[in-house]
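Labels run A, B, C and D following the written order; every chain starts at residue 1.
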Amino acid sequence: MDEKRDCEMGSSRRGFLKGGLLGLGSAAVLATLNESAVAQSADPVIVGAPLQLTGAGAADGIEFKQGLELAAEEINASGGILGRQVKIVTADTESGGDDLITSAGQRLIDRDGASALIAGYNFGSQTALQNVAADASVVYLHADTARAHTDLVSKNPGRYWGSFMYCPSELYYGFAFLNFIKHLEDTGQLKAPNKKIAIVTGPLVYSINIANSIKSDAAKYGYEISLFETVQAPTTDWGPTLAKLREDKPGFIVVTHFFPQDQAQFMIQFLANPTNSLVYLQYGASLAAFRDLAGDASVGVLYATNIGVLSGEVSEEFAKKYLGRYGAKASPNGGAQTYEALHLFAQAAALAGGVGKAYEEEQSKKVAARLKESIFRGPTGVIRFDQKAQQAFSYPVQTKDPSLGMAHIFSQIKRKEENGYIISPTPYETAQFELPKWMQA
Amino acid sequence: MDAAIQIIITGLTLGAMYALASVGLALTYGTMGMFNMAHGMFMTIGAYASYSLSSAFGAPLPLALVAGICAGAISGSLLHLLIVRFMLHTEDFQTTIMVATAGVAIALQDLILKRYGAYPFKQPAQIEGSFRLAGTAISYQSIVIVAMAALLIGALAWLLTYTKFGLAIRATAMNQDAAKLMGVRTERTYLQVIVIAGVLASAAGILISSLAGLSPAMGTDPLIRAFIICVVAGLGSVTGAGLAAIMMGLFEAAISYYIGARFGLPVMLGLVVLILIFRPAGLFGRMEVVRS
Amino acid sequence: MDTLLSVQGLSSGYRHLKVLHSVSLEITRGSVTAIIGPNGHGKSTLLKAIAGLLPTWTGVVMLDGTALPAAASERARAGLTLVPQGDQLFMNMTVEENLLMGAYVRTDAAAVKRTLDDVFTLFPRLHERRGQRANSLSGGERRMVGIGRGMMAAGKLVMIDEPSLGLAPLIIEQIYGALNLLANEGQSILVVEENPSRVAGVASAFHLMDGGSFAWSGSAAALARSSDVLKTYLGG
Amino acid sequence: MSQLSEIQRHLVAAVLFIAAMATLPYFVSERYLLGQIIVFMLWASVATQWNVLTGHAGVFSLGQMLFFSVGSYTVGMAGTYLGTSPWISMPVGAVLSAVAALLIGIACLRLASAYVALLTFAIVFMVQALIVTDPNCFTNNGGVCLPLFGGGNGFSGFADFGFRKLLKGDWIVGNYFVILASLTLSLFASIIVIHGRLGLAFRALNDSQLYAASRGLNRTRFRVTVFVITAFFTGLSGSVYAAHFRFAGPSLFEMPTLVLILAMVIVGGLRSTWGPILGAAAMMVLVEIAKGMGDVRNTAVGVVLVLFVLLFPKGIAGAAGRTLRMFRAQRSAERPEIAERRFDATKTEIAR
């Protein structure tokens, strides 16, 4: 498998040893760097944020904006980047295609004088902003969770030196899921009635790629795909799909269609007459909205994320701060992404001796080089970049060392009022897997 | 057998929601030749109004429902009084009103996003639980949706057929000048029509959000479907829109089950295209009304 | 003489095209007035302007001594009924619904019922077809519905635009028979016809319209004397 | 004679406009601004064609973005699967758009205008739904699953015009001129259609179907002809778009894009030759100003759109034309009124 080889190449010892920058809660590091610095300029550092602030992706886009604001405040409180304050300027990509995304990114650079671009995820081809960044010679950090990035950057590192994806690509969801359920069965935590996996996917490439990655590797783990269904968005009434599932009676149900509203309805309608199946929902179930909408039907659901707030001091402190600031309905999982990306950037820029300017590649290249060497611990885990693809390593799929990769966490919802409990991987777990109440032991 | 019942239940639930969403649109098009791009926003406003009242003030469910519907009626009358009234008899009304109402929709959606954020809130106006019919689970919410749609559309049909008020609306739709000659104050009729459309749409919005949750963009998809249903029905045919919506709901559910969920909508749209090519005035439309 | 309708210096038209040039007209209560003249010279335009379907550019329209408001619906409510050319029925409504629409502004249900019976007595054919949709009727039947609908308003003045247009002679006779009955009951009527011979027996006052104004006006007796004048206009 | 000179007047104006546009890159060096002018030119071209179709031929199509997408997808797919340069695939894209329009046109242009609008809308929506939910990988390049029609991500990163190699940092100027050339073609074509024989036929058809029928003009055939011609240039714009952004994806089909361009046509002034260009410019400026307003951006755009349509139902061109006519009327009151009167006279005559 191509993907596998890439992973192993990326985690080669040489690549690992080369990096050596340790970020232990960046504010401290940054503050130390700032102490010795003389302010380089009175002008603030402009960080451009091309985010989907309206349209279908707005819920996440707004979290991304809040994460950036929170990080900027903290950075500024500790002296900015070598004495220069950080200012966030957003541009709305309107949940649209490449034309809107490109225009938003270009506007931030040319109009607002952005020295770098930081985003959560955007739609479109997920290669638009890399091109804007490459043409303008700026650093661009994003969490598209897109294989498209891996491919783009590793094929043309000379052009895309400034583009970094600070999370692993969506393909790891496939292996990780199969690995995880096999582990559950091997350790006797789960006795599934059969080896059948039913996959329900949705209309975006993210969903489809994950579904396909499970489909293509299932046989290797000893599973078979008994049903593969693609639904429209929105899907509010799951009757026909559930009828198929009830006829199929699979041991595992995977829903990679990731809208929390649709997933909530899926669970409510599924539980009206459940089959003896483990249910795994992609992404949506990790949001508070899912538990709100599904209520009791959310309990027992499994979900995974490869960039989510973990357990432990760093993460819990962040979550508390974030929720305190933006209200109980806010989603720390969303805000954490851009939050840590900005911290990571600030630290790398400070180490590199300051941020670069657009269209002048020298300084930005120094920042990029520092980013490439960073090992940064944020609320979602450790960001360490694959040297070739410039995307974060995934733990435990790519590296066995939790301090060297971003954790691919599996969580299970235990109470509808609370976020899911992390049940894998070690050392982040906070609870054990429990058989969902609709399943037979 | 289970599957068949499930398809019928899904089909009726979807169909009922589509029907509520499209009947008002058909009525506005039929009486005033207006494609109301803000019709989807009526749904959103109704849903949010009902949500706000019951969550912020703890209002009981029926009251919240009434509030949502009132919000739809108010939005409808404001749309007419502030905008449509001035454009109604201008040249190119059909195209310019689309842009004007699209402008309204853009602004309103943005205001709702600013006021409520993009968080998909749960609609409090719903009933949980389900019962079994021949082994198939049927949720009470589906029953509520179908019943409420039947009630409202039935009320509209009764209004249009048996009351003087309805007679005036139909007369205006069929022949504006003749209606005026009968003493019908057509300007007032137009206002009434938009208010009715607002009421039905906001009711649809409340029901749709009871399944899909609330979001500022929640009206977009139902609006698109409502447009298409109006075509299948024959533009301006109100009863046709109701029937077509139920048929489309059933069709979509059946195609989803037998061919695949992803084909539910496209195959149905393909049928729409074919229907139109071979029955240019729609399934229930009448040629002389719409032929140019 | 009791003047019911008084039109003074009325000008009107379509968009930029002026059709009526300062027309004045008086109608006596309980009489039948006919406007005759060749096609395309503003007869129908005059009726539409009086009914309020076309805007009044200059001039005044008064009914029973009070000036009428501009809107057609208000004029209808004031008792001015127009039976338009080409019937303009509500095609997807039944015959009975069409007739009831005629009585839209009336509130006395019993009185409406009586008028409906009158219409059915006058046009028994409509009674047979009361449940049929208007679009399934023949041309003659549609005309009957149109006139019947006009009667339903029980207005002060009924204006009928070309009642014989496009009908077979036998049907025309029936229609005029009905108009005669109405006139005998004292209904004030203003009728437009291209050909004066049809209305000669019914109407008491005549106006010849040409180029948007009256070229000749007179009584039934005067009409009979002035056949030469008419010939030049009507080419008959 | 006067017909000919009218065409000439518009053509001269077009030449001047294009020449002015051609000098812009010498004054504007900011890439964002050039990029926005490029977007303006793309949408102006689409709006111009839409106006020919809706304003002049009376075909209210909501499927224009489908033809735009056929052009874009042709360039995207040819570039991705065959490595074809856009210089070759662009004309192919335009032709394929025209073919698509021919098929759709034959099927639905005999219908009433409202139905044409909704039917074309339904077709666009159907195509989009099929594309974005396609889970079957046509190619699986190193784990990047690519459905035949690109799925939700669409196509990206394929060959562009080649100016990046040639002009380095100034590649966008190269793109600028290619897009200007496509706008030029579209604009000239629209002038020729509107003021040429086809336009005459449409005026005849619009004024009186009876009269036109008596002269042997077949309404549907003319409508299909214009549908195909406008689709060709719309498709051309789409293919240029794809080569410029190196992107072709399903976001092109979405409602906001459609509404934006429809707004350009209406704000500019339906039926006016230059309206869509003015409208496109006005909308771009409006959106640009609104972007600077931050949070209230969309509210502002929506409100301005409503106010504009309310105050100027005939668009910028209509308002300008009215001012101009008033000015002229003051100088010589006679002429236009006579012409108008004659026009109305024929109309009422036929109406009777």
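Rule of thumb we're sticking to: a residue touches a chain if its C-beta (ideal position, glycine included) is under 8 Å from a C-beta of that chain, and two chains touch if they have at least 3 such contacts.
Keep in mind the model is a prediction, meaning the values are calculated, not measured.
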Pick the pair with more C-beta contacts: B-C or A-B? A-B
If I average the C-alpha coordinates per chain and also across every protein chain shown, which chain's average lies closest to the global one? B
Separation of the C-alpha centres, subunit B versus subunit C, in whole Å, is 42
For the pair subunit A and subunit B, the C-alpha centroid-to-centroid distance in angstrom is 38
When the C-alpha atoms of subunit A and subunit C are each averaged to a single point, how far apart are the two points in Å? 77
Taking each chain's mean CA coordinate, subunit C and subunit D are separated, in whole Å, by 50
Pull out every residue in subunit B that's touching 2 or more other chains. 109-110, 113, 262, 265
For subunit A, give me the residues that contact two or more of the other chains. 54-55, 203, 230-232
Can you tell me which residues of subunit C touch two or more of the remaining chains? none
Quick one: in the complex, what on subunit B touches subunit C? 164, 167-168, 170-171, 174-175, 177-186, 286, 288-289
Over in the complex, which subunit D residues touch subunit A? Could you list them? 30-33, 35-36, 39, 129, 132-135, 137, 141-145, 147, 151-157, 169, 241, 245-247, 249-252, 254, 256-257, 291, 297-298
Which residues of subunit D touch subunit B once you look at their complex with the stated criterion? 54, 60, 107-108, 110-115, 117-119, 121-123, 125-126, 129-130, 133-135, 255, 259, 262-263, 265-267, 270, 295-299, 301-306, 309-310, 313-314
Mind listing the subunit B positions that touch subunit D in their complex? 29, 33, 35, 37, 83, 86-87, 90-92, 94-96, 98-100, 102-111, 113-114, 220, 224, 227-228, 230-231, 235, 262, 265-266, 269-270, 272-273, 276-277, 280-282, 290-292
Residues of subunit B touching subunit A in the complex: 2-3, 6-7, 9-10, 13-14, 109-110, 113, 117-122, 128, 130, 132, 135-139, 142, 208, 211-213, 215-217, 221, 253-254, 256-257, 260-262, 264-265
